[in-house]
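Heads up: the structure comes next, in structure tokens.
The chains carry the letters A, B, C and D, assigned in the order they are written, with residues numbered from 1 in each.
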Amino acid sequence: MEKEYWRWPESKWVSPDIDWRAGDIISSGVDVGSVSSQAVVMVDGNLFCYSNFRTGSDSPESARKAMDKALEDTELSLDKIHYTVGTGYGRVNVPFANRAITEIACHARGANYMYGPSVRTILDMGGQDCKAIHCDNRGKVTNFLMNDKCAAGTGRGMEVFADLLSIPIEDLGRLSFEVEEEPEPVSSTCVIFAKSEAVGLLRKGWHKEKVLAAYSSAMAHRVVELLERIKVEKEFAVTGGIAKNEGVVKRIEAELKIKALEPKQDTQIAGALGGALFSKALVEKERGLR
Amino acid sequence: MMEKLKEWYEKRHEYAQEWKSKTGGKVVGYFCTYVPEEILYAAGVLPVRILGSHEPQDVTEPHIFGMFCPFCRDCLAQGLKGKYDYLDGIMIAQSCLHIRQTFTSWKLHIPVNFSYYLPMPNNVQSKRALPYLTGELEVFKEAVEKWTGKAITDEDLNRGIEIMNKSRKLTRELYELRKQENPPLTGLEAMYTVVASQMVDKRDYNETLQEMLQKLPQRQIENGSKVRLMILGSENDDTEFVEMVESLGAVFVVDDHCTGSRYFWNEVTLNQNPLEAIAARYVDRVPCPSKDWPERTRVNHIKKLAQDWNVQGAVVVQQKFCDPHELDIPAIIENLKQNGVPVQFLELDVTVPIGQFKTRLEAFLEMLREEDLF
Amino acid sequence: MNVVGIDCGAKYVKALILEEDKILARSSVLSGFDQKAAAQGALEEALKEAGIAKEDLAFITATGTGKEEVTFARTTVTEVGANARAVNSLFPTVRTVIDVGAEEGRAIKINEKGKVIDFAINEKCAAGAGTFTETMARALEIKLEEMGPLSLKSHKAVPMNAQCAVFAESEVVSLIHAKHAKEDIVRAVHDAVADRIASMARKIGIEKDVALVGGIARNIGFVDSLKRDLQLDLLIPEDPEFSCALGAALTALEKAKGG
Amino acid sequence: MSTKYKTEPLKCWNKSKEIRLNYYKNFAEAHEKGGLRWAGGAWSFDAIPAGLGDDVYPLTGEPYAAAVAWNKDFALQCHEAVEKAGYARDLCSYMRNYWGSIMLNKYVFGGEFPKPDFIWQDHICCSHAKWYQVARDLEGKDIPYYALDVSVGPYEELTENRLNYVVGQMHDGIEWLEKVTGRKYDDEKLIQAVYNHCRSESLWAEVCALNKAVPAPLDEKTMYSLYVHGTLHKSSRIVADFYEELLDEVKDRVARGIAAVANERCRVMSDTQPPWAFLSVFRYMEKYGCVSVGSLYTFGLIGMWEVQEDGTWGPKETPQEEGVEIKDRDQALRVLASWELKKPEWQHFYSPQLKSEMMIRIAKEWKLDGVMLHYNRGCEGLSLGIAENRLALIEADFPVMAFEGNMGDEREFDEAQTITRIDAFMESLEFDKLES
């Protein structure tokens, strides 16, 4: 079995200084996306633990797995969680969720927490789609656009390139800058054909970094087109898997001439985080606290 | 309660075939709602609108280039697959180029003993359109007479007008009910109703609709708490799509579609010359975007619908490659937004990838609702 | 007399050596990023297998998207021409050739002499090509070679709407969520590609007999879907993926004989 | 390489170029000359605004947009600007090039985009009247806009009622022109313009007819740059006179056996507007000794044809040649309308058969070996029924190569794949590449 370069590092994290037992409201969000799944648990609105894993072909399974991994070595168990919101592609297939909310609402809410209430425009570059979202100071969606016709500008595209170039996906961004000068972007927007175009370039003798640069800038340009249709209002933040790819993010910033806010947490958990925050709000409602 | 209409929608071919054997009359399939059905009813001919099936198809590639709208290809596919073999004739009234190809290819490859191209004027805002169309309707009437071997008298024409006007009046009443805070019918049911009316004998339709209008006011149905939406754009008889949206806690209360309000909105105002009266109706009706120039009259019409039916949001659907609508939609969206109506825009193919759209519509509804989350 | 045909394709380079009309050897190597080298490699492998030296070759003809890379070839022939020739030599009764490669599908109408009468090539879209099924296999987490047998188990048609390979992937995922059986989904995938291919083939008008060539012809599930769609039987050569190389070799043979 | 025929550059080539550039310059500078600018489609009845005076300069959208397409980078900027504004990517690419120029306020011939004083348009396809409706949204509602509808069916079914509809709109249009420009309308100028209009279109047909000769004196690539005048200002004396001059030169080429392609041995025609940024494919075909001698598009978009005594296609007699003397406005408009409604590259809007018949006629009379159909994603109007044309041509035993592309949006043209198709097509016609 050859190395799977597209496999991005799965991860989990537990807050060292929060004792869930002392918590009043334990809320969680599970984001089952087409490529990755995350679970986030919050204690009284503070981030307690999360996990980030690849989605399998069975989403209830993936949801459970993400949650189990998140709760690993916390001694917290599912039954102690007061409320769970399911989101993402498989949101209706989260067996233990109390309610399903779309990833658009959740990402906006999550970004509002991660980047602060000044965020007005969120770019979520997920596994297979790409969303541009406007929200208010509470993180409530006011407008959004989604590219659901073409997968260009999505994580899936980057995975394809990691495989093609045999470069671990987490290195793609850095390497894409190791070129003397920025090459022409690849012309094809379709992931499949961008790939065969890239093969053509490699056969022409282009080195991997140059091909990568050409693809990254094509991807960035594609995304900027989407953003400009909805217009970027400051502050601007990027969430989702590709947010970790500086090769794309820096090129987007350059084209927009706007700097994106620095993430405080793993950008892939924004959706699940938003879910957990909504869960808290819903528990407070139940308890008549709002 | 609305089962009959759903049945008509689903069993359109069976209905038409039964109608033929029952009445021994002729059936004409038509491609565009600019076809003056009054004249066909006057001649005792049943007009049925040819629509697609929303199934993926692979038979039109040799006949219509893939850059033309999926709807016109889907319609042709129905003919090529033999679904409409019972038709005695086909006709089209001039509107967009896309559906025109369905007519010309149909004529080339599917034998019928009557086919007619009515050059309905596009410049309906010109004072020259009325006399011109009146003249063309005269020619059309003669062609029908020649085909059926029966003269069409003014009484016949007035009867045809009466049948059409009645169905228009009744359908308008149905739409009026949708203004209520708790509309007694869903958007899906409304769609079944209007599309069915394009497929069955208007006399059967009028009868059924009259009964419905009696019962509807007492109907127990929970629409009050749902988000009131309007839907507009390219040809759309996609019940699966409408059903999906309404399953998310929304209810469509009004539309601007040629499979909806645009079809029946205007009535014929009688005068001494029935053909001129009919012509006037088609020149003055709420236009298809392909005829809405130099001024854009639809923009205000749509705004008014949104206000009168008190909608909270609008779903704008664009059939891929549908140039006429693509050329109006940006102006319409801008106007709706200026008037405080949030819009969700979707580019449809005849076979909708429901999964992809569901998320967007859910998010749109959350945007209009979901205050409880904050 | 010995000749060789080299098919320099997007994924593989294949070489086929003929001694008159007898196949002496076949070889196939990954194209990789250096097609020139790959072509060399393929030739050497084939020569080794045939037990002859390069000098023994009377003529070399190249075909395939990378045919210009095969610098040691005397002439080139397009995939359309090569397939027509090959299939005509294998099945003289064939009038329609359907060739599905990794990134392109073709339909070719030929006469009894193997002359090309008309042809269609699918426009840039992976949905009508082999890549599509591979992508889907990954989404389903099953091996490509498992797809065929698995889809034969299915007796239910599940419509797939997405045409874009990448979106078909997410549609596959949602079909899984919708609890459809894997075999039904696999069949849906094959039906979708067959649908695209049939639609393209109808452009040139399908005339019997019909042959299917290209690697995907080994996928019995796809073959089944295509048969069902076209409602006729398909002739498939023993080594469908070598059809182009064979055609090139036959061209070489003709040239060598001063044709 | 040994050449079969003699070739020569066209003597009137530079003059042609100069006329074209002056046209665009005159529009931009009209106001400095105290004149007026009007914008509209190449199908517009430009003879009518001519009645307002000699200082009224048009800018027709299609040729302008084609000029934008030549400039790949600018074209791309235009498309992206238009998409950003929410217009669909699959709309007419000429229209998108034109709107883009307005949005970016950039005239492809230099300077800012000149705003027209009024819009004089016609409606031939779904997009035409809407094109300038949007243009007005972008440039300002204050621009007076008149569009007339010619959708009265094929010429063979033209009736008095149908002609009246078009002529009636023309009469209204003239009143409108007087109102919005405040100028007095001069019927004499109209009549002269109508004469020129017919003369230009008849002459162009005669030039195209000369391409029946073997070797062909002109190749389609060259014809594009010559026929364009008819899409710019066919009713102007300058264009009519230029075509007169061109005709003489082409006659002379035929007499002396001058070829467009030195090794002509395979003759084809194309269809619809070409992918303007990729005319190089025509050069590539020459490697096979293949020449495109034209198309219904180059012949019939402005060329006016009729069947001659010998049953072949030749130029239509002008009203003057027929001895018709135009006396007044109404007569002028009637002559103009019925003449224009006979346009060959228009009849197919009503039936693909009408176009197939004309294409098969060309294939026979121009002695073609095959046909290359450009399935043009950029133009719905001229691609209308193209699939049926393909079937009809094959039925008539003319091999067809279909290729997809876009006249104005290079993102939809795949050069490499098109070259592959040409190779396969030539192979199937049994032509090898000529050793060079």
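Heads up, the rule we're going with is that contacts are C-beta pairs under 8 Å (C-beta built on N, C-alpha and C of every residue); 3 or more make two chains touch, one makes a residue touch a chain.
Nothing here was measured: the structure is a model prediction, and the numbers come from that model.
Participant: Looking at C-alpha means, what's the farthest chain from chain B?
Facilitator: It is C.
Participant: Considering A-C alongside B-D, which chain pair is linked by more C-beta pairs in contact?
Facilitator: B-D
Participant: Cα centroid separation between chain B and chain D, in whole Å?
Facilitator: That pair's centroid distance is 36 Å.
Participant: Centre to centre, by mean C-alpha position, how many angstrom separate chain A and chain C?
Facilitator: 39
Participant: As a quick test, compute the distance in whole Å between the mean CA positions of chain A and chain D.
Facilitator: 51
Participant: What whole-number Å value describes the gap between the mean CA coordinates of chain A and chain B?
Facilitator: Using C-alpha averages as centres, the distance is 42 Å.
Participant: Listing for chain A: what residues touch at least two other chains?
Facilitator: Residues 89, 148-149 of chain A touch two or more partner chains.
Participant: Give me the residue numbers in chain B that touch at least two other chains, ranges are fine.
Facilitator: As it turns out, chain B has residues touching two or more other chains at 61-62, 347, 353, 356.
Participant: By the touch rule stated above, which residues of chain C touch at least two different other chains?
Facilitator: Residues 123-124, 167, 170, 174, 203.
Participant: Building nodes from the protein chains and edges from chain pairs that touch, which of line, ring, star, complete or other describes the result?
Facilitator: Looks like everything touches everything, fully connected.
Participant: Touching chain D in the complex: which residues of chain A?
Facilitator: By the definition above, chain A touches chain D via 187, 225, 228-229.
Participant: Give the list of chain D residues in touch with chain A in this complex.
Facilitator: These residues of chain D touch chain A: 80, 83-84, 86, 411.
Participant: Provide the residue numbers of chain C that touch chain D in the complex, in ascending order.
Facilitator: Of all residues in chain C, those touching chain D are 65, 77-81, 115-121, 123-124, 203.
Participant: Can you list the residues on chain C that touch chain A in the complex?
Facilitator: That would be residues 10, 33-35, 66, 69, 103, 124-126, 131, 135, 139-141, 164-167, 169-170, 173-174, 176-177 of chain C.
Participant: Quick check: in the complex, which residue numbers of chain B touch chain D?
Facilitator: Going by the criterion above, the answer is residues 61-65, 67-68, 94, 96-98, 100-101, 104-105, 107-108, 117, 119, 121-123, 126-129, 131-132, 135-136, 139, 289-290, 293-294, 296, 318, 320-321, 323-324, 326-331, 333, 347.
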